[in-house]
Amino acid sequence: MLLALVLLPIIAGSAMLLLRGEDRRLYRGIGVVVALATLVLAVAARSEDWSAPWLRAPFVANFHLGIGALAFWLIVLLALCTACAVLAVESARPRALVGQLLLLEGTMLGLFISRDLLLFALFYDLMLVPVFFVLLERGEHPRDAWRYIIYNFAGGLLLLFATAAFGVLHGTTDVIGSAGNAISGAWVPWIFWGFAIAFLVKTPAFPLHTWMPNTYASLPPPVAAVVGAVQSKAGLYGFFVIAMTLMPQEIARYSTALIVLGTISLLYGAVAALVQTDAKRVVAYSSLSHLGLIVIAIATQQPLALAGAALYIVAHGLFTAALFIGLGYVEEREETRSLARLRGIGANNPRLAGALTIAGLAMLGLPGLAGFVGELVIITGIVQSGNVAVAVVAVISVVLASAYVLRLFQGIVNGPVAHDLPVRRDLTWREGIAIAPLLLALLYLGVNPHAVLASGSVAIPRAPQSSAAGVTTP
Amino acid sequence: MTLPFTHVDWAAVAPLEVLAATGLLVLLFDLVWRPFAPRGLSLSVAFLGTILTAALIAQQYGTNVAAFNGGYIVGNFSVLFGEVVLLGTLGALALMGRGGSDRESAGTIALLLWSACGALLLAAAATTMTIFLGIELLSLALYCLCGLANRKSAREAALKYLLLSSTASAVLLFGMALLFGASGSVSLAALASPAMVTNPLFWMGSGFFLVGIAFKLSLVPFHAWAPDVYQGAPLPIAAFMTVVTKAATIAIFARFAYAALPAGASQMLLLPVWAIAGISMIVGNVGMLAQHDLKRLLGYSGIAQVGYILAALAGTTRLGLRYAFFYLVVYAVMNLGAFAVAAVLSSGDDEEGTQIQSYRGLGARRPLLAAAMTFFLLALAGLPPTAGFLGKILILAVAAGTGYLWLAALLLVGTAISLYAYAKIILAMYRPDHRVHAADIPRGAPLPWVSLALCLVATVALTFYPLLPSGLLPLVK
Amino acid sequence: MATSFAGVPIFDYEALASVLFFIGLAGAIARRNPLVMLMSIELMFNAANLAFIVFARAWLNNAGQIFAFLVITVAAAEAAIALAIVVVVFRSAPQVNVDDVRVLHG
Amino acid sequence: MANPEHVMGVVGSYPLLIALWLLPLAGAVLCWAFGPQLKRAAGWLATAVAFAAFALTVASWGSGTQSLNGALGADQPLVRWMPGFHLGLLLDPLSLLWACIITGVGALIHLYSIGYMEGDSAFARFFAYMNFFLFAMLTLVLSDNFVGLLIGWGLVGLASYFLIGFWFYKPSAVAAARKAFVINVAGDVGIMFAIFLIVQKTGSIGFGNAFAAADTYGPTLLLAICISLFIGAAAKSAQVPLHTWLPDAMEGPTPVSALIHAATMVTAGVYLIARCAPLWSHDGNAQLLVGTIGGVTALTGAVLGMVQWDIKRILAYSTMSQIGYMIMGVGVGAYEAGVAHFFTHAFFKAQLFLGSGLIIHALANEQDVRRMGGLRKRLPFAFIAMLVGVLAICGIPGLSGSFSKDAVIQGALNHGHPWLYAVGIVTAGMTAYYMFRMLFVTFFGRYRGEIDPSELGIRHPEFAGTAAHADTGGHDSHHAPAWLMNLPVAILIVPSIFAGWLLYGGADSPWHRFFDPQFGVAAPANVPISELTTTLVTLAFVAVGILVAYLRYGTAAARESAVERLRRESVGMWPILANAFYFDVALDALFVKTSEMLGRLVSRVLDPHVVDGTVREAAIAAQGSGALVRSLQTGFVRAYAVFLAVGIACFAAFYAFHGVH
């Protein structure tokens, strides 16, 4: 069933790319069904473990699939975001877009359920491809596709190297989600930084982030939603299941460096978001800021911070996706994303305004929504780890967040109606349904975040590995 | 007087004989039936002969025969490299079925097969004499083949290849003479003696020998011929050269590096080769950045890819040889695939279709072709789920394991640059504003399509079922 | 291994072969006429041949002599192909100069 | 706090409490979701919800005041996030008091709003927000832990944001809303920070655990926690220097100003400090700091209140000043007095705002007192309402304000802060001055609404809160029956006058008996000045204030020359007062301008040119090397041969070198 989980969206997506016709309702329908089917499959296969041999030398690698605690929530997030994004697709050529979205989902699913480092690396690079093509065909400038692929591929190469070196050193790469595989030695710092840089590119964190604002601004909103919400978490997920589990000594040794990078990202993204004129870029830079907080949390290794990080990963995914989808609606209606031109949407589109409000409030960490819980628990953990100064910076960034979110949200929604922009009708049922689940999830997790919080503290496996079928030693 | 060679010796070279005879048959059939079945017949015969040869070689798997006084050693090594050579040959033959003029097609095919004979010889050659014979057989046929298109550039490619390759052959030969002087034997086995470590003749001979090898592998700074020749040569011949010449030469190099060097000297002796392999990864990939012709670009790409393969051999470990071989196969498949796409798109002798400009807007006009091309380019860059990804990771693992970290680092840098170059082509194919430029593109003959599909399947399949034969160690005696 | 041959030390033969080889190499680089370049390459081949024969004599191993014959044969074949290619390339050219042949570059 | 888990109240199941808490949320959701269908009924629905909540609060009185084994009040556990992170509801005398005011005064203001908001295009949305505010405020005061309190803290900020920016087509309202929200978030993070520190020490977010450990924090940590909490309190309760949002917040509809920015939300800081009394009682430095800031705020608010012309801004500064009193009271340790002032202030300030709302409503959104005058006859009910409010706030004996204000002033002295005592008395005098100034200018003399604004010294009518440019969405087209707005005001008059009597009687007063279990015994009043003396001195200052106001604005001569006088005063106002001590300018320069400058630096210089520039340079370098490789590939076969020869030479040199060695 795990195999089906990965293959279903990939096959459906590929088939869609090869088909003909541009029936929007049909393809949207198929896409939503597939995305929801993966959700069902993921829940059903939650305790499964599947493995088949791959390499025997120079290290053992297996096609080993399984769903970890944190991965499960990421998969739920991914399936949800994909379903919503597909539903929000509004293109004259929807077939390829939906197909690419499903491919993106499939590759990322593969990443999250990989229990083998090599397989992880494979999906890590593979998931670049659909986004690259979307950028190429639908991006605002081919330059954005370049930037995206070059940065991420460079990160992917380092991951590749680190994986290879890890395999040689440890003898097997079948290590994700199982205890007792921590490595140490003179080489390990190199391997660690290989992984870490790759993950920091993907997240992204300062100073490896410059691909991100362009990419997010350039992507069609549904894809931007999935990329910003879930793909950016691949690196953080990697920190959890790889860097932290396999190289605990290194992450402790270099925690200062990571904390510094995270802190710079935190402030850098926040102040940059304050002055952007492109609505999507505000969200992009805010992402830099928020994910910097998670990097700090990971670097402290404090259980509370990790629990918060797990929740914040999910929460950030939810509100980022909701915001990108919502801004997509705005752009589609007003034909611009410029904050200098947009205003007064709320007068004619109260439902859209409401959706943007909730998403924006979640982003600025309004108490009661999921983002707040994540921030609170993370920073509590940071303080517990003794980094009070970092916590001060973090709360400053929270204040800045309220400033840039309000600037974004008020700029679009409030003010007198902009008469030079077209007036369109409010959200349709379809559009509403495409964004509502994300907002409801934000509300729910804000009140009852227990399950997701718990996944962060158990992400580092302590129990002995369950014996996997089909694995033979070389 | 009795012949010094026995039945066993001739049996060992039976595949070569079959392949050579196939070449003759092609000519013969062409002579007789030319008016009725101009090209299809020649191609069919050539295919059958090549496949028969491949089957015969496959039968030799697991055997171990040192034929002709150790001049031709059959073993798993020769079998596997021989199969790669034949794979490349089949790929090139498939590209010949792409339409265009029938003039001289039988001759071309025959020359191609004979050239492949030389390559097969190299896969098993274990004396300098057989090596020289193989290289010349391979090269002489290729000189002609390069010029076999009614284009100025093809003739120029032939001339350049001829002049430069001959010079390199002479250097190689001179190296062989010095090695002979050092050991008193043409056998590579004699070189493995510990006495060689202090013999200046051996060192100088190895140096010249390796220059010759490096030239055939088109390593920097002996690479200058490669882009010109690949661009000028007819498309199937360029494909053939990138795969077959490389496979055969790597076989020779591996045999020399693994089996013919005295213990203790090998790392220092081969250091220049690793160095130029590293430089090649960078120069080859950088060279791709400013290119406007696909064949030329793939020529530069080949320079870098050979560098990757050699990086696996660095340290001369058993595993390294396996991964070098694996990457060679992968490279052959994805490279042939890329050439197959180009073959579908270009028709006639002028081969205008290989201009990158003509790929503009392909994504909209011929989505399948564009997707296939993208796939192969990404494979060359090493993105999953292609075997290029797995090949690279294995090479990295070997380089990490043997301590050649600088080669691994150069590989990473080179790969990053290469994606930049490949992405340029992909960009040209998919850029929306290029949609209008798409010229009318021919449907293409079936054979290249088949080749393309097979390469595609193989490139994916190799990722998940990697072909990593054990027992690949080359022998000299 | 014999150290001299017909009263001349082996080293001298080696030196001669080397000199011939490098003269050939220099010629291959310096001359513009492809025919002269080919002749220079032949010179390099023959330098190797000389070395083979000398070493064959020195080691009392006739494989070197066989090798020399092989080289002569191959060189003949190569010359045939080379001349054909040169003729094809320069068929309509006023003079035979390899520097005129550079459609392919970059 | 005898029980080991350190839960403050008696743990149990209290459905009434949950109902009381969630009912306004349900009302809000209903009004929001079905606004278009409900139309005017939305107002009645929301009002009914508010009254029901008030009824539930009263019904919960028993559980809120119960006491069992040292546990006071009712505690209802809700959800558990993580170990140490348990959320729940707590109803004890303190929260009971706040809940009563929130729902009681809130219900009256809801009723008033039905009339005031009549005809507004977003009528239902307004009531959804109002109910949402009730819910948020109840969350704040009913939580039994800091996180729940912070959630409420944030949500009231949100409700305030929505309601300030309710007329979102007005750019000034939008800007005011944003400013209020951002400053409030700055306060939120202060509380957040306190939570971090508390969790680090106690591993729990519950009030009980935090207070039980009060004597184990050590002076530094305790001070840090108190300061962090006070940042939150200061932002919410408009304490200097985080007060600048409150005057701007008057952009919201007047009922909002009454409910949120006078009676309830802005007193959350008072609640917080009263709630955290165990912490403050352990830290003299924190008491001094908070008391001082309260005093400074009281004084600043009064000074600025004296020079305002917008009726709502006068009331806003007066609110700020009165909250300064409360903060001063709870800050120095006179918790009962501070809380009492909250209690009385809620009534008379709500009444003042609602009264001003009557005027504004009647004058078609005119808010500038210079353009009023002589309204005593035109709006007699409003005059009575305002008069009672003014007398109460000035501390005229017998009215509610006098009891609580004197208690605060005396409390400052009792707890050893003579300077604050003095400040309190002086401020009382100033309060009397500016309130009577407002009263005289508004209700006496001649109506000045027809006079050209420039003659009154109004240079920029569009900025002065006049109705000239305020488009309030067809607000004037309907008029609700007058009783809808008058009734709540009339009801409020009663407690405005009499609520203070609860304090009468010193240690035997109902007030003290109610709060004794909460705050314990007050500090021994071992001071040279008796309460009676204090009252008399204060009264003297008040009398002076009233007299000055009368002389300047109330005499017959002053009324005659009102136009000329107002013009002169407006034009001649000192810039430092006109700019409200430059707090806005300073905050803007320090934080807003700085962070925007940083943002521009980052996104226009660092990002494109330095960070990305490095990568771009690398790409350009790669392209350049590509061109270099291309140019080396000249096409001359002899050049290639030269490469070959060079390579041969290098190889030969290497191997010759190693061959010889």
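In this document, chain identifiers A, B, C and D correspond to the written order of the chains, with residue numbering beginning at 1 in each.
Methods note: a contact is a pair of C-beta atoms (placed from the backbone, for glycine too) under 8 Å apart; a residue touches a chain by one contact, two chains touch by 3 or more.
If you're wondering where the values come from, they're calculated on a predicted model, not measured in any experiment.
Engineer: Quick one: most central chain, C-alpha centroids?
Structural biologist: Chain nearest the overall C-alpha centroid, as shown: A.
Engineer: Comparing the two chain pairs, does C-D have more C-beta contacts than B-D, or is it the other way round?
Structural biologist: B-D
Engineer: Rounded to the nearest whole Å, what is the centre-to-centre distance of subunit B and subunit D, using the mean of the C-alpha atoms as each centre?
Structural biologist: Roughly 78 Å, centre to centre.
Engineer: Indicate the whole-number Å distance between the mean C-alpha point of subunit C and the mean C-alpha point of subunit D.
Structural biologist: Averaging C-alpha atoms per chain gives centres 97 Å apart.
Engineer: Rounded to the nearest whole Å, what is the centre-to-centre distance of subunit A and subunit C, using the mean of the C-alpha atoms as each centre?
Structural biologist: About 65 Å separates the centre of subunit A from that of subunit C.
Engineer: Could you work out how far the Cα centre of subunit B sits from that of subunit C, in whole Å?
Structural biologist: Here the centre of subunit C sits 26 Å away from the centre of subunit B.
Engineer: Two or more other chains in contact with one residue: find those residues in subunit A.
Structural biologist: Each of 150 in subunit A touches at least two other chains.
Engineer: Please list all residues of subunit B that touch 2 or more other chains.
Structural biologist: 159-160, 163, 167, 171, 227-228, 290-291, 420
Engineer: Check each residue of subunit D and list the ones that touch at least two other chains.
Structural biologist: Residues 619, 630, 633, 635, 637, 641, 648.
Engineer: Spell out all pairs of chains that touch, sorted by label.
Structural biologist: Touch list across chains, by label: A-B, A-D, B-C, B-D, C-D.
Engineer: Sort out for me which residues of subunit D touch subunit A in the complex.
Structural biologist: So the residues of subunit D touching subunit A come out as 79-82, 85, 147, 150-155, 158, 165, 168-169, 171, 174, 177-178, 181-182, 185-186, 188-189, 192-193, 195-197, 199-200, 592, 595-596, 598-600, 602-603, 606-608, 611-612, 615, 619.
Engineer: Which part of subunit C faces subunit D closely enough to touch in the complex?
Structural biologist: Listed in rising order, the residues are 25, 28-30, 32, 98-99, 101-106.
Engineer: Quick check: in the complex, which residue numbers of subunit A touch subunit B?
Structural biologist: Interface residues on subunit A, with respect to subunit B: 17-18, 54-59, 63, 118, 121-123, 125-126, 128-129, 132-133, 136-138, 142, 145-146, 149-150, 153-154, 156-158, 160-161, 163-165, 167-169.
Engineer: In their shared complex, at which residues does subunit B touch subunit C?
Structural biologist: My answer: residues 128-129, 132-133, 136, 140, 143-144, 147, 152-153, 155-160, 162-163, 166-167, 170-171, 173-174, 176-178, 180-181, 184-186, 227-228, 231-232, 290-291, 296.
Engineer: List the residues on subunit C that touch subunit B in their complex, please.
Structural biologist: The contact residues of subunit C facing subunit B are 1, 14, 17, 21, 24-25, 28, 34, 37-38, 41, 44-45, 47-49, 51-52, 54-56, 58-59, 61, 63-64, 66-67, 70-71, 74, 77-78, 81-82, 84-86, 88-89, 98, 101-106.
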